[in-house]
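A, B, C and D are the chain letters, set down in written order, and residue numbers restart from 1 in every chain.
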Amino acid sequence: MARLNVNIGALKLKNPVLTASGTFGYGEEFADFIDLSRLGGFIIKGTTLNHREGNPYPRMVETPSGMLNAVGLQNKGVDYMIEHIYPRIKDAGSEVIVNVSGATVDDYVAVCEKLAPLDAINAIEVNISCPNVKQGGMAFGTSCSGAAEVTRAVRRTYPKTVIVKLSPNVTSIAEIAKAVEAEGADSVSLINTLLGMSIDVERQRPHLSTITGGLSGAAVRPVAVRMVWQVAHAVKIPVVGLGGIMNGRDAIEFMLAGARAIEVGTANFIDPAVTIKIIDYMNDYCERHGVDDINDIVGMI
Amino acid sequence: MKKFILDFTVVENRRLHDLYSLLILRPCQGTLPDMLPGQFVQVAVDNSKTTYLRRPISINYVDYEQNHLWLLIRKAGDGTAALIEKESGDIVNLVLPLGNSFTVPAPGKKVLLTGGGVGVAPMLYWGKCLKEHGTMPEFLLGARSAGDILELEEFKAIGKVNISTEDGTLGEKGLVTTNSALSQHWDMIYCCGPAPMMKAVAKVARSINAECEVSLENMMACGLGACLCCVENTVKGNVCVCTEGPIFNINSLTWQD
Amino acid sequence: MARLNVNIGALKLKNPVLTASGTFGYGEEFADFIDLSRLGGFIIKGTTLNHREGNPYPRMVETPSGMLNAVGLQNKGVDYMIEHIYPRIKDAGSEVIVNVSGATVDDYVAVCEKLAPLDAINAIEVNISCPNVKQGGMAFGTSCSGAAEVTRAVRRTYPKTVIVKLSPNVTSIAEIAKAVEAEGADSVSLINTLLGMSIDVERQRPHLSTITGGLSGAAVRPVAVRMVWQVAHAVKIPVVGLGGIMNGRDAIEFMLAGARAIEVGTANFIDPAVTIKIIDYMNDYCERHGVDDINDIVGMI
Amino acid sequence: MKKFILDFTVVENRRLHDLYSLLILRPCQGTLPDMLPGQFVQVAVDNSKTTYLRRPISINYVDYEQNHLWLLIRKAGDGTAALIEKESGDIVNLVLPLGNSFTVPAPGKKVLLTGGGVGVAPMLYWGKCLKEHGTMPEFLLGARSAGDILELEEFKAIGKVNISTEDGTLGEKGLVTTNSALSQHWDMIYCCGPAPMMKAVAKVARSINAECEVSLENMMACGLGACLCCVENTVKGNVCVCTEGPIFNINSLTWQD
């Protein structure tokens, strides 16, 4: 399957299929269903400097062809992750990428400093786009200056591959991507969730404890494909595409739009083995269309 | 415990009532995996346009001899409405088994299994397992009306059944918490039902010094511990109901009202 | 059904149910299915100064719980509308609102001047958010200054009710709404379509002739509800809510989020009689919840 | 012509082939509305999770005596795949009748009705109506293979049938455009099928000085002339196929290649 190899900066992936942070736990949760070593890589839960309890329940509600979540970056903090989780997953046989979040620039830097020495981690995804936390998160991702500031600081600290994850809740995602590229990011990934809301009309109250939450799933795919296409035309660094990828067809759609790799999120909840099916579909697709190297279809549109 | 994604065939859809169906399923291939009482499955609902995610449903009963898995389903919204329309021969895809299970009581303990409405679901398999382990369970089933008391014959085949209905059409009139069965001595009470019922039962359990385990039904996306959507605030902080539950000892919950 | 009466500025509606521009033709197309006089009102096709052919075919593609369109404001121009269509629909028995579009501020003004004298038209909806045209359209709607400029000019020209229709493709829709309110708009309506894209992976080309198009339908509802809620908290003028309303429940959701009236768009294609069902549902809902005046539930969240 | 939103019951689903079904429908209540040959219906697909909008399907045949409406469906994607799974007794909601219809030829004219693949659909009802009006239609059906020639018996019951299959398994081998029937004299050719076929037939029609009407299948959202999505670029500019079509005289189209 060499024809599925792709590179994101210095990061070499055996295929373009990654999993989206917050939707695949630490990979282990899916080990009964798939062979983790077949993935291009998996991006683990949003990791912060300190332990976070996340938001109160209820945290999710289904919406048409999608869902809203308001998890709020619940995690045990980077030290716990390094001590207890990293040893268990570092030999999974595919790239492990840590998704990094923070409320301040210093938070991001502190987490990156701790991650840099880990041999088995060759890349981080910097989340400047989480809509479910009060401070930081999306605030950084919705202005060029905020996005640039975090990227600059992380770039100085972290020597390996830096992927910056962009928010779709902006007027021009291409502008943000350019700002991030200018600060030395190796790649951008998009999209994080769209800010949404849902109300229980009988009880006359919001479905989520935080009122608003992040929309993901098939519903957002047309927006995500459009943004990937816009960003791929605006920057030279590789783009990682995600948002509503449910199957192999959808994954190829993102690659045609300009994504070098893709992430599978909400679809893991519906079919825990979907990632492997996507890899197999990619192979078939290449076969069917006479493609020797999947890089050849990236950005055809 | 190893989890699987498996297709099942509907062997029978027993319409118990307008709102309820008992789906009897058989794996399309091979035999049922090991499952514990209290665990649940995540059902893909392929026949509802408006249902996107899987739906969590308790394991109601497992008949390893016949290779049958029972799911007891109450129509709550579009997803469950579609499930109770399934006909024999239809295919249903499940992820299973998920979650923890009930704590096995020490031999000789007096145990009460109580369920409200469709919350009786996990108690049938649990009652059967207890009986096989040599503990004679007693049941306390509650519902609004006689028609909502489900699987009565099946429960009776396992142990003594006490009943409360709000309208008094079957058993004692009132809520399970006022049923005379609760005035006896119990070492352990297992409970599944609407949150207010479980909280009320928990209170009674405390007052009579019984241990108490409840089965929570938080909203779930993955059912696998991956999304962190289903959390319950416990004495240990937020934990996932789908992996550390759905069964919780009431002492670990923050229900101290 | 007096309890369903609502006002949008000076415009009095017998109920909050309007139809969204571009999804209900000129009303006549639906006359076989519903009694048009039962509607609060209907908003007719995007009208421009001159005849427009719109974009080339293909103009639409289905997406998960939604659709993308790239109609591009095809219409015969305001003069034709006034001469040939207005006489046919002016006595429909419910408010007829004209959706106005333009490539330049002067275009908007010219159309408004022609509409102002029409007795049976008591309101216009100013579309500064169409994603499917090259000039004007969304460009005005994605900056506060652009939105303010159009509103100011229209306000000077058009004495009756001015509703400005906002684009969701922005970082802060509340800021745009405030800019529009400051220039004297009587109301804002939102959302117009989200910019999206879809690719035919077998043919390796976009589904739409214009590559990108506007996403509508149930898929966008969580985003629309969130934006209505944000805007309702940011401005004092009444908000008209739309985006993915498929049934009565959804309509009430928008009202709880802060909408004084609602528009039904894509749902008309799936059930041409849906608007009447929504009106009936609203009545039942009020009955069930003991609401004497539907205005009482507006913005409960 | 008044349009309706009506529920129909599936009387029969005749599986013609892996890919094709003939659905015979009866209104759940009352009698069929008036419908013209060439018109179509918009079908709500309630049994596909991934189908959001209605799907346009031609009126294949109307049997007013039996109160039956026939739809001939070819599996193209998820929506049509779900429709061909409908079973007798299922309910299907239609908006109908939509669009214009074929032009009735002057008495005594020689007319050929040609269809490719599922494009034969509108020709059956049209053929029947022509015959009732005293014009004897002749048919030319084309498909890839014998199995894709649909409703042959029904067509034969109305008039002479000529056949072309690409693989030669039935009738003449080749495309409809090379069928010997086309070398005769025709006053009028009606055609429905894939766009390349219709364009080729249009060319032949021009060359033999026959009038020609084609039925277009542009992508539709509303089917009512409200959304302007289904436009065809004609000599009059962009017009809606769902209201000014689906039947067009080739001279009004910009197919002058």
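Just so it is clear, a residue touches a chain if its C-beta (ideal position, glycine included) is under 8 Å from a C-beta of that chain, and two chains touch if they have at least 3 such contacts.
Keep in mind that this is a model prediction, so the values were computed, not measured.
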Exercise. If you check the contacts of subunit A and subunit D, which chains show up for both?
Worked result: B, C
For this session: Would you mind pulling out the distance in Å between where the CA atoms of subunit A average out and where those of subunit C do?
Result: 34
Problem set entry | Whole-Å gap between the CA centroids of subunit B and subunit C | 47
Seminar exercise, completed: Note: subunit B sits from subunit A at a C-alpha centroid distance in Å of 36
For this session: Please list all residues of subunit B that touch 2 or more other chains.
Result: 51
Seminar exercise, completed: Check: subunit A positions touching at least 2 other chains come out as 63-66, 217-218
Exercise. So what shape is it, when you link every pair of chains that touch: line, ring, star, complete or other?
Worked result: ring
Seminar exercise, completed: Chains touch in the following pairs A-B, A-C, B-D, C-D
Problem set entry | subunit C to subunit D touching residues, read off their complex | 22-25, 29-30, 32-33, 45, 53-54, 56-67, 69, 71, 74, 217-218, 266, 268-273
Problem set entry | Parts of subunit C lying in touch with subunit A, wherever the complex brings them together | 63-66, 68, 142-143, 169-171, 194-199, 201, 204-206, 211-212, 215, 217-223, 225-226, 229, 244, 246, 249, 252-253, 256-257, 285, 289, 297, 300-301
Seminar exercise, completed: subunit B contacts subunit D in the complex at 46-49, 51
Problem set entry | Residue numbers on subunit B that touch subunit A, as the complex places them | 2-5, 44, 50-54, 95, 218-233, 237-238
